[in-house]
Amino acid sequence: MENTKQQSWRSKLHDIIYEADTPAGKLFDVILLIAIIASIILVMLESIKSFDEKYHTFLNVSEWIITILFSIEYIARIITVKKPYKYIFSFYGIIDLLSTIPKYISLLFGGIHALAALRALRLLRVFRILKLARYLGASNLLMSAIKSSRAKISVFLFAVLILCIIFGTLMYLIEGEESGFSSIPVSVYWCIVTLTTVGFGDIAPVTPLGQFIAALIMILGYGIIAVPTGIVSAEYTAQGKDKNNNDVTNPELNSKSCENCLAENHKDKADFCYNCGEKLHI
Amino acid sequence: MENTKQQSWRSKLHDIIYEADTPAGKLFDVILLIAIIASIILVMLESIKSFDEKYHTFLNVSEWIITILFSIEYIARIITVKKPYKYIFSFYGIIDLLSTIPKYISLLFGGIHALAALRALRLLRVFRILKLARYLGASNLLMSAIKSSRAKISVFLFAVLILCIIFGTLMYLIEGEESGFSSIPVSVYWCIVTLTTVGFGDIAPVTPLGQFIAALIMILGYGIIAVPTGIVSAEYTAQGKDKNNNDVTNPELNSKSCENCLAENHKDKADFCYNCGEKLHI
Amino acid sequence: MENTKQQSWRSKLHDIIYEADTPAGKLFDVILLIAIIASIILVMLESIKSFDEKYHTFLNVSEWIITILFSIEYIARIITVKKPYKYIFSFYGIIDLLSTIPKYISLLFGGIHALAALRALRLLRVFRILKLARYLGASNLLMSAIKSSRAKISVFLFAVLILCIIFGTLMYLIEGEESGFSSIPVSVYWCIVTLTTVGFGDIAPVTPLGQFIAALIMILGYGIIAVPTGIVSAEYTAQGKDKNNNDVTNPELNSKSCENCLAENHKDKADFCYNCGEKLHI
Amino acid sequence: MENTKQQSWRSKLHDIIYEADTPAGKLFDVILLIAIIASIILVMLESIKSFDEKYHTFLNVSEWIITILFSIEYIARIITVKKPYKYIFSFYGIIDLLSTIPKYISLLFGGIHALAALRALRLLRVFRILKLARYLGASNLLMSAIKSSRAKISVFLFAVLILCIIFGTLMYLIEGEESGFSSIPVSVYWCIVTLTTVGFGDIAPVTPLGQFIAALIMILGYGIIAVPTGIVSAEYTAQGKDKNNNDVTNPELNSKSCENCLAENHKDKADFCYNCGEKLHI
C-alpha cells in the first residue's frame, strides 16, 4: 500500500517533469526555462571582469540558487524515470550533471576559487541552452526541409572546402608570408573568410595578382551562395507538398474520396478510383 | 447654422489630412512627405559638427520652419479627428508630439542651447520617417509573405542565437582575453558578427584552433543563410497562389464564372465558356 | 547616278555598323568589342602610377590608336544614320563623344598634360563598357525577371533605408563620436555597411549597448536578405511560366489551337474555344 | 600462355584501380582517399614554419611514404590502361605526375633542399584533392541544376563586373590616392570586395560622397545577390520536374501507362486507370 502510494507520487512527478500537458508540467517547464536562461546570463556576466569584481557576492549567491535548483531537477529526473542509467548516460543527462557539479567542486577547493579549469567547467552550463531547442520543434516543416537537404548541403560545403584548399594554397604561393599568409592553413582560413563573404580584414592581399585571385574568390562566393539557397527553397517547397500527399501548387490532385474504398488524393481528371476501379462521384 | 458650417469645414480638413483621394489630400500628403524628409536631412546635417558651425543660422531658421509646420499639422490632426485622445495616445501621435516640442523647449532653456539631452530629443524626429512606411503598403503580397514567414524566421533566428551563445562561449575559452575575446558577451557578439557574414575584423581569432572554429562558424553561416531565404521564397510563392485560389503570377486566368455551367477560372480574354460554349458576361 | 552610288555605299556602311547579321557587321562588332576592352585596360593601366612612369610612350601611342579608331567610328555613325542629331544627343552618342575628345584636348594643352581634369575626362571612356551590356541581352528571361521584380525590390530597399536611418541615429546617440560614429550620416553609413553584411570594420561599436544593437542589426540583415531573394525566385519562376503563355508547371493550359479562330492556349479541359465558342478537336 | 596470364593479371589490376564495384576496388579507393588527404595535410603542416622545424624528420619520412605510394599508383595506372599516353596526357595524369616527382627532384638537388621552387612544386599535390570531386557526383540533380544555370550566372557575374569597373573608376575619382584608392584596378578590386558584401576594410572610403557611393554599392550588392539565387532555385526546381517528365518532388505519380486508354501519370499506388477504370499492370 505504501509502495503504491509512493509509486503514484513518483509517477505524478514523472508526468510533471517529462510531460508538458498538465498545468503543473507547464509550470515546471516555464520555471526550468527561466532557470536555464538565468544561468546562462550569470555565466555571461561572470565572464565580464569589471562586473565580476563589483557584484561578486550577488553572482555567488545567484549561482548557488541556480546550482541547487539544477541539483533538485537532476535528482528528480533520476528518481522518477524508470531506467535511471538511460537518462544519466544520455546527452542531456551528462550536460545536466556537468552543468551542476562545478559549484560543488569549488566548495572542495575553496581556496583556489579562481582556478581557470573550474571557471571553464561552469561554462558548460551554456550547453543547457540546447534544452531550449525543444521549443523549436514547433516548425516541423522547417526541420524536415533542413533534414532532407542536409546531405546536399554537406556535398556543397565539401566542394567549397576543396575550392578553399586549392585557392588557399595558391594565395600562399602568390602573397607569401609578408602579407600575413604565413602558412597554408592560415591561407585556407583566409580563403574561407573570403569565400563566405565574411571578410575580417585581419589578413588581406596586397599584391595585384593576389587581389585579382581574391576578387575571383569573392565573386565565386557571391555566386555559389545561390546553391544551398536553391536547395533549401526547393526542398522546403517539396516538403510543403508532401505534407498530406496533396498540394496547392499541384492542381492535379483533388480532395475527392472514393465511396467504395475511401482512397483520397485522386487526380483532378480522374473518373475512376485509382485504388479499386469504382466510378468516382464529384 | 454656424456650427454646421464649422463642422463641414472641420470635416473637409479631416478629409484632406486623413484621406488621399482628393487633390487637396494628395497635395497635403506630398507637402508632409517633403517636410518629413527635410526634417530628417536637417537632423543629419546638424549632427555634422563642421557643417553645424558654418551654417548655424540657416539650420536654426529651417528647424523653426519645420517645427511650425509640424505644430500646425499636429493641432490640425487633433481638431479634425473625432476622438482626439485616441490620436494623441497612438504611436504616431506620440512620435508627432515628441518630434515637435524639442525646439520649443530649447526656447525656454535658450542659454543652455547645446544641452545634449535636447539634441537627443530632436533626433526623435527621425521616427517621423516611419510615416513613410505607409507608402510601402502598395506591395501587399510582399508584406503578407513576410508576415506569414515571420514566425518561422523567428524560430530560425532563435536557433542562430543558441548557436552563437555556444560558439561564443567556446571561442572565449579558446582565444582568451589577449585576442580581444574579453568576455562571453563580447565573444557572442563576435560570433554573431561572424555567422551573419558581416565580419568587422575589430576582433579576429589568432590561435589555430580559434581560426578553425571560426572557419566552421563561417561555413555554417554561409550554409544556413539558405534557410530563411527558402522560407520566404516558398511563402511568397504560396501567397501569390492563395490570393483567390488562383495563381496571381498567371494573370491569364480571371474570376468570371459561367452563368450556364458555373465553370470558373476562365482565361482573361475568354468570351465563351471553355466548358459548355456559353457566351460569357463580364 | 553619283548620288545613288554614294547613297548605297552609305547604306552598306549603315548595315555594317548597326546590324550584326552580315559577316562584315559581325567583324565590326568584334573589332569594336576588342577596342572597348583595350581602351578600358589602357585607362586602368594609366591609373597605376608606377606603370604609367615606366611605359609612358607605349600607353601614349596606344591611346592615340584607340582615340583614332573611336573617332572613325563616331564619324561613321554620324554619316550613316538618317537623323544624325538623334544619335549625337542619345546616351551612347554623348558617351562616344566624351570618350573620344579628351586626347584631342590634351593636344591643345600639351604643356599641361598632367592636368587632373583631363585625366578624369579620359576616364569617361569606361562608360563605353556599357555598350557591352548589349551582349547580356541574350538572357531575356533573366532581364524580365529583374524588371518585374524591380518595383518590389525598390520598396524593400526603401524599407531597408528607413531602418538604417533609425538605427543609425540610435547608434550615434549610444556610441558617440569617440567610437567613430562622428555624425548621423556616418552612423547611417555604418548601419548600411552592417545591415548589408559588408562589415568594413573601419567603424565598429565599442560600448556593450552599441554592440547589442549592432548584433540586432546584423541578425536583421541576415534574416531579411531572404526577402529580395524570395521575390526574384518567385518572379523568375513566374517569368518562365509566362514565356509562351504556357508552362510545364501549369498543366492546365495546352497547345491546342482553335480551327475556327486560331486562338491558342486553351485550358486543358476545354471542350470549346474561349474566343469563338467553336467546339475544340484534340 | 604466359602472356594470357599476365594479361589477366593486368586486367585484374585495371579493375581494381579503375572500377569501384569489387571489394578490392573499393579498398584501393579508400586507401587512395586516405593517401590524398594525408598528403594534403602534410603539405599544410610543412608550410607552418614552427612545425616544420620541430618535426622535420617526421615530415620528411611521411613525404617519402606518400611519394612512393603515389609512384606505385602512377606506374600501375600506366601499365594497366590500354592506351597509356591517353592517361599520361590527361588532366589527372599530369596532376599525378607533377604531385609525385618533386620529392625525387629534391634528391638530385639535395644540398639546396630549401629551394623555393621545389616547395612550390610539392604544393601541386594539393590538386590531387580534385580526385575527391568524384565523390561529389552522387548529387546529380544538384550538378545539373548548376550546369543549366551556369550560363545565366555567368551573364549575371559579367554584369556585376561591368558595374564594378564603372563604380571602381568613380570611386577612384572621388576618393583619390590618400584613402587607399591608389589606382583604378585597386578601386575595382575594392568595389568587388564591397559589392559581394565581403568588406575587408583594408581600404574604406573616407569622404562623405565616397561613403554615399559605397552605401549605394552595398545596397545594390545586397539586393542583386537575389538574382543568382533566384536562378538556381528555379533551375533546381525545374530539374527536379524535368527528370522523367514527371515531378521528382512528387513521388506519387509514376510512369505506368494504361493498356486500354494509354493514359499516363497514374498515382504510384494506383491499381486501376483513373481514366477508364481498366486494371493497371506494372
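A, B, C and D label the chains in the order they appear, each numbered from 1.
FYI, contacts are C-beta pairs under 8 Å (C-beta built on N, C-alpha and C of every residue); 3 or more make two chains touch, one makes a residue touch a chain.
Owing to the predicted nature of the structure, the values given are computational and were not obtained by experimental measurement.
*Asks:* Return the chain pair with more inter-chain C-beta contacts, choosing between C-D and B-C.
*Replies:* Result: the pair with more contacts is B-C.
*Asks:* In terms of residue numbering, is the interface formed by subunit A and subunit D classified as same (over half shared) or different (under half shared)?
*Replies:* different
*Asks:* Using mean CA coordinates as chain centres, what's the gap between subunit B and subunit D in Å?
*Replies:* 41
*Asks:* How many angstrom between the C-alpha centroids of subunit C and subunit B?
*Replies:* So the centre of subunit B lies 28 Å away from the centre of subunit C.
*Asks:* Using mean CA coordinates as chain centres, what's the subunit C-subunit D distance in Å?
*Replies:* Going by mean C-alpha positions, subunit C sits 30 Å from subunit D.
*Asks:* Could you check subunit D for residues that touch two or more other chains and list them?
*Replies:* 156, 185, 188, 197-201, 221, 225, 229-231, 233, 237
*Asks:* Hey, which residues of subunit A end up touching subunit C in the complex?
*Replies:* Interface residues on subunit A, with respect to subunit C: 197-201, 229, 233, 249, 251-252, 269.
*Asks:* Once bound in the complex, which stretches of subunit B touch subunit A?
*Replies:* 151-152, 155-156, 158-159, 162, 165-166, 169, 172-173, 182-185, 188, 194, 197-201, 204, 208, 211-212, 214-215, 218-219, 221-223, 225-227, 229-231, 233-234, 237-238, 241-242
*Asks:* What residues of subunit B sit close enough to touch subunit C in their complex?
*Replies:* Going through subunit B, the ones touching subunit C are 40, 43-44, 47-49, 120, 123, 126-127, 129-130, 132-133, 135-136, 138-139, 142, 145-146, 149, 153, 156-157, 160-161, 185-186, 188-189, 192-193, 195-202, 221, 225, 228-233, 235-237, 240, 247, 249-250, 252, 265-267, 269-279.
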